[in-house]
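Encoded as structure tokens, the structure appears first; notes follow it.
To keep things simple, chains are lettered A, B, C, D and E as they appear, and every chain counts its residues starting from 1.
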């Protein structure tokens, strides 16, 4: 659950970087270097050495999977001249999505849906540094991710990605992360449709729990995506010189996608509210039905049982002719049965008139 | 249902255009060309050929019904120099309504109510490109549409449309699309009136379902129309030189209509909320009525049955004078009946005083 | 009901003016002409003729009651050079309140409470054209209206109205229209007070319906008045040269009144929400009371009836001394009655301790 | 009740000033004149005479208690050159709080809690005119007021008030009025605490009425104070030259107090909403408790009574051995009692397992 | 409880400083003086003397624990030239968080979580004065506080704190105060998780009270933190020259943390609303269950008891063959039992079909 993450006090010990409490110790660093002509992908084991021999032309992209190894972060920070505060933000999880301008580089924090065999609501934090000719990305979790599609496009020599600079790569990564929310939305939409049918047809206790769970997921997603909207807008309007005009058009498209996701979320939130109210009214309706059955049964059988009770009394008929003469009538019993039937019938007519049957 | 549309990840494979998953394969292209003097309407089968021989003066309007044929889109895009991002947006459904300025043309996304034999809540996405002397429109669904009225006006030689440029045509199409929402609103208004009467008179389970359905329709419509508001405003204030001052006045009117539609929607939403609450309170009222009947019946017959039960006991009167002497009284039975009548009457008086009768 | 008005598609046939569907055919045109010295009031039958002979100095005010005669509108439009869009807006009902600047005139749409023998929630649309030396007003309904007070003030030679220009007349009419909402508010306030007492004292089904009706009226009024706020503000800040600085101060006062009306409406809306919740909780309280009575009665009489049932069993006492020896006790009957009394008493004590009595 | 005040149509008869409908006829005018050296306090009976002999140096403060005497207002208006609109606003009650700049003077409308032996929610409207060297205040109600503390500070020769100009006096009066809301807030806070305890412990019908009353008071207070916020801000930022820079710092403090009051009100409103919901849920909880008792009692005694009813049947045992042989068993009666006990016990166990006991 | 604090009228006696009503009389003053080289920490008893001998270079930080001694405040105010309004604000509790620019110093009011053995929701007000080379902090409560971590960092000669000026110290203190809210959030998150489980599994009356308490805490926290957001933003953008550019970057980080706290609070508030609704619906669900049991039991046993009542009637079989011949049937009793079993079975089948079992 997103909102149950540990809100450890950030910045309690500034100056020293520490990995998040539950970070896996294994960290994988992948370096991608490309120009319009070349493309190399390296799994880096000795970061120091790689940095010294790294090519100076083209675009360099380091992707770090896992936050358990602080040294890698420090090495990269020292090499690219990153501000301590931005390094701290990489490790302090969770952060709000944001774009910060550190003059010679941009620092972007966002969240990305974890890719798995099926749609899941788990997200991880991604920190992205965009410099003049480099991009650094730090992911919370190792393993398969949405950036793979970007890598595939990079491998194609004639793609626009290979012809463009680091800013376009940053856009492509951001775009991949944002588009990764659409399958989640579709999954939530399906769950809402199911819930809708359940609420209107035969709501159970599980329906209520499901509604609550979907609502909580929506709240968590909105909390992640709402600040992202502003971050992308700031990115698009950035005037640090790191973003070219042609990439700006693509960032506008990105911003559009974020708005679309937020629109759908807002939509879903209203639907969930409506579902909850409908569920409640459905329950009250059900209660009404139950109470009607009880009332009809009670109202019919109470007078009948009363009549039977009357003729079960033991007044002595021999003492006086006023004492239960009906008991001695030849047609007493049929008379009493007819009386009961008449009472029951008139009550049924009364209920039908009231529209309860 | 609008919100149940497939939220396929947009832009997952940039660079290659693909039709939406469920697009019909049949695509109809209609070309309209007009000047103040001429008007020709052509059903285009060979787009390439048509474009090469297309007249250079006057206004050219291509209307594409259906999104299943990517080639048409690519041909038009190449001929008019359209940005790949805007072409992608034509195919990625659903988009938010928006106006984007691509310097030499404007790109407008909006939604249009599907015209049918009766008012329906189905909408389709319309993409509109406005260039200096051309308008391109792409509709999701083939078949009868709201643009027919514009075509009819174009056919009249003396209409303002024929005298004006492409921007006025774009306005006319936008206006037709927006005005197409008014019958929908009227239909929703009628349904609300019916629901209102049902809620205040005799609410049933169907009433609740209807309220929920109307609410969902309102949410979906607002989601479509809210961004349109901003798009039309941006259109009106556009300073790309593609919109003339005289058309601007008409766009202001258009903006006014969007505001009016949104006003009515907001209005309806509040009414639906009020209806739901009233429905719930109506149900509780009904429950109260049912429970009152049950309580009155139980309260009257339980004491009566108890009295009958007393005199149905088998204590032996012969053993002592204290054992149920009433059974041997000459007036025992009438006395017991009177006792019961007295109890019932006093209870009825009690209930009347409580205002339950 | 305001919101049930016909939302006929506006602008479906631009270029041709058509009266609203349910417009009365009878239309009354009143022309008022005044300078500081003169005042004439004419019921115009031949508009064409009147316009040709109309005085050129002073202020000219045409008031048209009823929208059934399109010709009058066209004649005035041609004479004063009014834009077709503004003429269409006069006929397309309902419009949002708005102020539009057409350079040589201002076009104001607002709504006005219908004056009748008693306060009513019916409103009509008023369209007002303000030119350099003329004012045109179009009212939906013929008959007594709030503008009569303005006419009375005009007839007085020394009033400020007679000394001022057309802009001050427009202000005076606007002010009269806005002030006409105050009696409505007072009436709504009275109804809320009545409802409040009803909800707290003895709520019935009618209370609920009344709450719903008041809420609907408030929604409708707010829909009418919210855009008026902006229109009046635009009017006050207008820089077309048609509004003098001294009138501007009075328009600020007008704006203040609109804010005040909106404040009160917002206030009422919150009170209505509170009333509805209190009504619901009042119903639940009532249900609790009913259920308590039922539970107390059932809980007391069920054990008693059970005891009576025990001694009504027919086990043969002669077969063994274990078979219902109580029946043969000399004090059996009094003992059983005492037992019942004891049970009933202890239950009453239990209920009193629970606070249910 | 604040919101039940008469919303008489303001401005229906412009040009003539009329006192509010229910204004007391007695009006008290107090004139205070002070310089750094002098301080005089006069109860004015002949206003005309006083104005002619009034000192020209120092600050002059007229306080008018009661709005019944229009002549006083006209005299002051004529003497200080006040705009008719602002004079009207003094008499038209209630007004929204506002600050209006009439170039040579500022006009401030605010509301003030009425001071009494105990905290009350009654407020009165105060109109304040601030000129270069004078302050005029008009209060709705005569009698003890919050301005007394300002007068006391004025009487001290060395106070900052005596050293400063009219603008600081206006600030001091405004500050006194705003600070007068704090005891009200404290009182409301106490009531909320009491209600909170009542709702969580033993909610009654009175609790609900109290919640509603507090909510209504909060709505009314917010309506009064929300526009005051803007008025004070406008006052602080005023650039008419009537407010000195040093007073501006104090007005900032004033603004802070208004924000604080509004914060607390908003806080209370949310608490009241929470209380109402908790109250409703508390009622439902209570209903559940009542229903459980009823269900347990019914479920236990119905089977028992049924068994007793079985053995109360009159089938003739002598006819066949199948007819109720139990009646003839030596241990028949104890057996039936044991049967009943077993049934009752197993039901009790069932309820305990369900957690209802 | 935060919101139950005494809202004593602030500023009722301007000019004279008075301690808050419940201030402890013991006040501890700690002076910290540091340069890059030196660090001294003094518990000040004679403030006057200390100020005269205080070093002129480096940064001076006075921390005052407790507000009971007005003289200390006055001494510091006189020495550093603090405005009376800001001194008053130190003593008037509670204040809204704010930053005020008094030209030669900045005045910041904020709130800080009280540190104790376990997470608590108690907060205290902290007033902070930032001058060119001094920082003054006033805390409401004496005792262990969050500033201790700052002191520890100051004691380290090589920390950034020792190298920087007073503005960085102010930042560090502000940061410590803000970060102190994170453990509170975590604690609230844990409570929400517990409540969530309780609501979905087995909600009790205590669950409701807990939900209400958490909601109230969230309201109180938001009231404290919402204005802090603006204060920190104003601090970051301050152009008084007291804040250096490098500190500004850190303040941006601070602002980020406040936003994060507010995000989480907003998140929690929505979750609490969802929990309350789910709780209510859970209660209604429970009521439904109870009522079903009652209805099933009543519906089954009422007809059975009625049948038993029939055969308990005393009609004389000897008078006529129509009078209860069943009593004389050899299989009468088994027949009646079978009849009852048949009735009970068919009712059970009916309930199973209705899905109530």
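Criterion: contacts are C-beta pairs under 8 Å (C-beta built on N, C-alpha and C of every residue); 3 or more make two chains touch, one makes a residue touch a chain.
Keep in mind it's a predicted model, so treat the numbers as computed, not measured.
Among the remaining chains, those touching chain A as well as chain D are E.
Chain A and chain B carry the same sequence, and matching their CA atoms takes a turn of 70 degrees, rounded to a multiple of 5. Rounded to whole angstrom units, the spacing between the C-alpha centres of chain B and chain C is 25.
Each chain gets a centre from the mean of its Cα atoms; for chain C and chain E, those two points are 41 Å apart. Counting only residues that touch two or more partner chains, chain D has 280, 284, 287, 291, 294, 298, 302, 305, 309, 312-314, 324.
Ring order of the chains (start at chain A, first neighbour chain E): A, E, D, C, B. Of all residues in chain A, those touching chain E in their complex are 3-4, 6-12, 14-15, 83, 85, 89, 95-96, 98, 100, 202, 205, 208-209, 211-212, 215-216, 219-220, 223, 227, 276, 279-280, 283-284, 286-287, 290-291, 293-294, 297-298, 301-302, 304-305, 308-309, 311-314, 317, 324, 326-334, 336. By the touch criterion stated above, chain C contacts chain D in their complex at residues 149, 153, 159-160, 175, 179-180, 182-183, 185-186, 189, 193, 200, 249-250, 252-253, 256-257, 259-260, 263-264, 266-268, 270-271, 274-275, 277-278, 280-282, 284-285, 287-288, 291-292, 294-295, 298-299, 302-303, 305-306, 309-310, 312-316, 319-320, 322-324, 355-356.
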